[in-house]
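The structures considered in this document are given below.
Shared chain: chain A. Partners: chain B in the first complex, chain C in the second.
Take a look at the complex of A and B:
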């Protein structure tokens, strides 16, 4: 049963190896983006020691740690699913003895594993570069909760991405939409700046939404800006969203498949 | 020259007629354009709630910088979108059909598919910035506008040349399909004041990888910080990279061996 999924993961890993330069290029770009954020916040902190309760070191750690979490949790399933639907390749999956959502998840795990390893290495190198500014949290319980949060965030991100991919059942031109959704997700996850810089109501709402668990909440937990009980509550919220999104995916898939034309058949 | 202009006009016409076939996509691009500029403006607003300036750049200066950046990377780049498909052309061997045409292959590869929809996105993206720059007080020195326009033209050529240089690498290295994404990511640095970077990085961004010239130099000029050094630098760098892209392209085409045999 599991064999077919591990085979899929392996195939996607091999494919990743063939495109290792592309992965490396993306990574360089991400490091550049992160370095800009680090330098920008360093410039903003000139002349002030705290901003909204953050010291410079906390802000830099937020960016470094948050990005590390984000490199593990994010995924690009939407574009692949969108292409399968648009090009009619989905028809092949309808004949296979596995659910498309499971196929997509296994593929995504395989696809993400090589960039993940590369990201982890490069991210740790950047942390080393800022080692005198980086704050360390070695509390095993906190780290365990964060690990759980990251795993659930991976699933959540996958579900959101899968759902976005299914939009291709209704419209042909989806690439711009996916990119925009990525940006919106990054904004609401606290990827551009800590959500604490926004009004308090916004933070309360973001704790109830699935986005913040891929960046903001784990980073806050790591920085001890929120306590463990909030972290555990966060795990509950994540689980709830995973169930809700799975149900939404079921409904959207059923409706979409009725609309599916199977181009090329 | 006249022949190239005629071909380019025809390519634009083709692109417009294709556009009418995708009206929903058009509307979506306009909305996305608005959405992205709104996100950028909100981010700037939030940052400037906590600081008066960013390395000497005020809030309205940053808005001008973002506006200029898009003017540089989205304008001519959308008209020259065709270069981004070069990897496919080489891999599938369809580049053969381009080199057999009685027109310069670099010109045709770059401009054969003008992205008019992308230009509409560009207009929608720029509109909120223009409104802010008109309605709110800025430090713009309007008498430098002609120099700013000249710089924008040059930086568009510079950006397209940089893109072409990067993508031309596909002729030699088949596994670097998305190399232009690397350039796009690095170019994002051009949205920020160069003074936030250490001196060594600033040196790189004004010489080897001249993204400092894309938006920072033109914006600074419109903000009244003009120097003859920047004018000479801008012209020299643009021409240097333009000719570099030509030389590389010609060498690549000479060494090109068709994939289809």
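Take a look at the complex of A and C:
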């Protein structure tokens, strides 16, 4: 039963190896963006020691740790699913003895594995560059909750991306929608700056949305800015979103498949 | 020149048709551009809630850096976006069709994809540049504006040379997604004043990948902070990049193997 999924993961891992320079190039690009944020905050902190309760070291750790979590959890399922629907390749999956959503998830796990390893290496190099500023949290319970949060965030991000890909049943092209969604997500996840710099209502809303759990909340937990009970509550919110999104995916798939024209059959 | 303008306008019309045929996707893309722009604008404004100056610059000065980055980035997107289709053309051998047309291959390669949304998006950018320019805490002379525009023109030429180098590398490696995204990501280093970077990085971004010349030089010229020597250097490095990129392109063309033939 599991064999077909592990085979898929393996295939995607092998495919990633074929494009290792591409993956590495993307990582370099990401580091450039992260570097801008790190240097930007370093410049802002030259005149002050704390900003909204953050010290410079906390802010830099927030960016470094949050980006690491984000690298693991994000995924690009939407583009592939959109193309499958548009080009009619989805027809192949309809004949296979596995659900398309499971196929896509296994593929995504395989695809994300290599970038994850490379990200970990490059991220650690950046941490080394800022080693005197990076704060370490070695509490095993906190790290365990963060690990759980990362796994659930991966699933959540996959569901959101999969859902965006399914829109191709109606529009053919999903890149624009997905790009927009990614940008909104980055903002609401606290990817540009900690959400706590914004009004309190904004944080309350963000905690109820699924986005903050792939950057802001794990980073806050790591920095001990929120306690474990909040972290556990966060896991509950994530689980709830996973169930809700799974239900929405089921409905959208059922409706979409009726619209599917199977181009090329 | 008239011939090239006519071809470019025809390509623009094609792009218009394509944009209209994918209305939802095009609208989403445009909305996405606005969101990314809006969030970064918000980030800059938020910075000044915590500090009086940023690397010695005021709010509108920092916004001017950000807007100039957007202006130069969009100009590159409008005129040289064809590069995104180039690797596919080389892999499939479709570049043969470009080579056989009675137009320079480089011109057609760069302009065969024009993003109408970028042309629309440049209007609010220019509007905001004028608005931020009026708000600047320094006196702006007509001469400074002319130097700014000239340096923006040089930046666009430099952007062109980067695209040519990427095209040459594509012929050699069959893959350009890496190079073009490396370039796009490197460009984002110009969104903020370069004074925040360590000296070594500033050197690299001036003499190696001259992003500082492309973005910070025009802005500093407008603020009256750029020396004549720096202006001359901008001209020299642009000429150097033109020469190097064209030589690389010619060498690359010789090694094009026409995959499908």
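Following the convention adopted for this analysis, the second predicted complex is superposed on the first by the 265 of 265 C-alpha atoms of A that agree within 3 Å, B and C clash if a C-alpha of one lies under 4 Å from a C-alpha of the other, contacts with A are read in each partner's own complex, and residues count from 1 in each chain.
Following the convention adopted for this analysis, a residue touches a chain if its C-beta (ideal position, glycine included) is under 8 Å from a C-beta of that chain, and two chains touch if they have at least 3 such contacts.
Every value quoted in this text rests on a predicted model; they were computed, and no experiment measured them.
Under the clash rule set out above, the superposition-derived model of chain A with chain B and chain C contains a clash between the two partners.
Once chain A of one complex is fitted onto chain A of the other, the partner contacts of A:48 extend to both chain B and chain C.
Touch criterion met: A:183 reaches chain B and chain C at once. By the touch criterion defined above, A:202 lies against neither chain B nor chain C after alignment on the C-alpha atoms of chain A. In the superposed model, A:93 makes contact with neither chain B nor chain C. Once the two complexes are overlaid on the shared chain, A:28 sits against chain B and chain C alike. On chain A, the patch touched by chain B and the patch touched by chain C overlap at residues 21-22, 25-26, 28-30, 32-33, 36, 39-40, 42-44, 48, 51-52, 171-173, 176-177, 179-180, 183-184, 187, 192-193, 197. Interface residues of chain B facing chain A in the complex, by the touch rule stated above, are 22, 24-25, 28-29, 32, 35-36, 39, 43, 46-47, 49-51, 54-55, 121, 173, 175-179, 181-182, 184-186, 188-189, 192, 195-197. Note for the complex: chain A touches chain B at residues 18-22, 25-26, 28-30, 32-33, 36, 39-40, 42-44, 48, 51-52, 171-173, 176-177, 179-180, 183-184, 187, 192-193, 197-198. Chain contact summary for the complex, chain A toward chain C: residues 21-22, 25-26, 28-30, 32-33, 35-36, 39-40, 42-44, 47-48, 51-52, 171-177, 179-180, 182-184, 186-187, 192-193, 197. Residues 22, 24-32, 35-36, 39-40, 43, 46-47, 49-55, 175, 177-179, 181-182, 184-186, 188-189, 191-192, 195-198 of chain C touch chain A in their complex.
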